[in-house]
Amino acid sequence: MPGPFVHRLRVRYGECDPQGVVFNANFIMYFDVALTELWRETIGRYDAMLEAGTDMVVAEARARYLAPAAFDDELDIEVQITRLGVTGMSTAMSVRRDGATVVEGEMRHVFIDPATKLKKPIPEEIRAAMEPYLAHDSEAAARR
Amino acid sequence: MPGPFVHRLRVRYGECDPQGVVFNANFIMYFDVALTELWRETIGRYDAMLEAGTDMVVAEARARYLAPAAFDDELDIEVQITRLGVTGMSTAMSVRRDGATVVEGEMRHVFIDPATKLKKPIPEEIRAAMEPYLAHDSEAAARR
Amino acid sequence: MPGPFVHRLRVRYGECDPQGVVFNANFIMYFDVALTELWRETIGRYDAMLEAGTDMVVAEARARYLAPAAFDDELDIEVQITRLGVTGMSTAMSVRRDGATVVEGEMRHVFIDPATKLKKPIPEEIRAAMEPYLAHDSEAAARR
Amino acid sequence: MPGPFVHRLRVRYGECDPQGVVFNANFIMYFDVALTELWRETIGRYDAMLEAGTDMVVAEARARYLAPAAFDDELDIEVQITRLGVTGMSTAMSVRRDGATVVEGEMRHVFIDPATKLKKPIPEEIRAAMEPYLAHDSEAAARR
């Protein structure tokens, strides 16, 4: 079983605001970047999924800001899958700097057919690839 | 008593993603824009508050995506203050296009002293200016 | 003959960087916004042009930063068309605050067929709609 | 003498627009990211320069778009310093994907005192650190 998935990125100047810290909305963008990288590790290129007739849309996003992050900081974004439903997937995000949590959040995605934009069940190969990253520990469950 | 505060904006091309719709994180940015405009109507320029020794930081942001918004769409962002605590303020956001809700969300801000970055009580003149926009209706309460 | 086209916008918090001023790349985004609004005034919705089988891509963008712009500033972006070629269009942008120029720039676009992505001549109805905004004065020519 | 400085980054979903390619203004942001990384290699953290009483502001930015870049593409951004003046520095940027150039550009920065915002000569230690990256070859000169 793999460990938790973590993507590291460095805060860019243009992502910071006049308070000198990452503008709040950009953490939701960071969540999206980390999820893309989890995708790459488990499924491959996002485009390949699209070409195979499956897309995802965001149904919900949430972030709790515990501490600021500044320009040039290296951030570790941990992604845990907390639910794999019939058509939906929930994830828990934890952004850390030097081991200290700066932002926590959650996202919920729904799988759709890109042609019709209608919900569709998560394809079996995606479910199988994602299951090893499904959180079973009480900590992640408590965080929800 | 004033009606609910609504700010209208038009979706920009660079705010949309390859799905042809507003990138999810940008709605959190729209919330921030609408709150700035509520500020302008009630308190005046944000900078004036800063110069008077008070700043705000975001503690929490949340969005539920009900329908997509596209390039060139005009969006109405309604902001309701749902809680004025000792040091914190909660707001409920509703983004509509032609009267239909596309995104709902909430933000929670904490007032700080910009010099020390420590929490401070909401100044009385800000509280007085905000109170007329405090939601008392059951609809906003139910939405939380 | 119409006067020069001017679009006014207000600087958003998340568009400013830790220097407290608009992040440099965002002025290129402002140019794009202003051009969209010129489009709306002359041609209509950008999407209608797309559906009629014509799209535009950017071939070149340039900005000279003369003075900073800050959060909450209202900026007037003047767009002048400086050249209407067979397949390409050049524009000159001038961003002013209270009448003082803060940024000047130019863009060059090429018209394409969205299906093939190949260059195509500017459609006659677009050329006719744009010609009144074509700069003939020596000031705009000198600025290039 | 070091080789040319190259920074690799991966295109993010939110940086792409409804045409499915990187939104034009974001390449100017990429230039800024690459320059920050050159800074890190030669001088160290940007903040250290700030604390030592020197800041930089952008005076000019330019980009020529030769080919589109898409979501998930890995881009190599080469930065060459083309001029080290008394108070200003010019750079040439070349963005490549799999060796093929997609965007070329230039930036010009001016060194300032962050307290007074006035121009100041490039500090000697910065000049010394940058000189190895100063382009002497005819290719870079021709590109200007």
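All chains are identified by letter, namely A, B, C and D, in their written order; residue positions are counted from 1 within each chain.
Here is the rule we use: contacts are C-beta pairs under 8 Å (C-beta built on N, C-alpha and C of every residue); 3 or more make two chains touch, one makes a residue touch a chain.
In this text the structure is predicted, and so the values were computed from the model without any measurement.
Asker: Quick one: which chains contact subunit B and subunit D both?
Answerer: A, C
Asker: Looking only at C-beta pairs in contact, point me to the busier pair out of A-C and A-D.
Answerer: Looking at contacts between chains, A-D has the larger number.
Asker: Among the chains here, which has the CA centroid at the largest distance from subunit A's centroid?
Answerer: C
Asker: Could you tell me the distance, in whole angstrom, between the mean C-alpha positions of subunit C and subunit D?
Answerer: 24
Asker: Between subunit A and subunit C, what's the gap in Å when you average each chain's C-alpha atoms?
Answerer: Going by mean C-alpha positions, subunit A sits 35 Å from subunit C.
Asker: With centres defined as the mean C-alpha position, give me the subunit A-subunit D separation in Å.
Answerer: 30
Asker: Hunt down the residues of subunit C that sit against at least two other chains at once, touch-wise.
Answerer: Within subunit C, the residues that touch at least two other chains are 13-14, 23, 25-26, 29, 32, 71.
Asker: Please give the residue numbers of subunit B that touch subunit A in the complex, ascending.
Answerer: 19, 23-26, 28-29, 32, 55, 57-65, 68
Asker: Over in the complex, which subunit D residues touch subunit B? Could you list them?
Answerer: 13-14, 16-18, 20, 23, 25-26, 71
Asker: With touch defined as at the start, can you tell me which subunit A residues reach subunit D in the complex?
Answerer: 12-14, 29, 32-33, 36, 40, 45-47, 71-72
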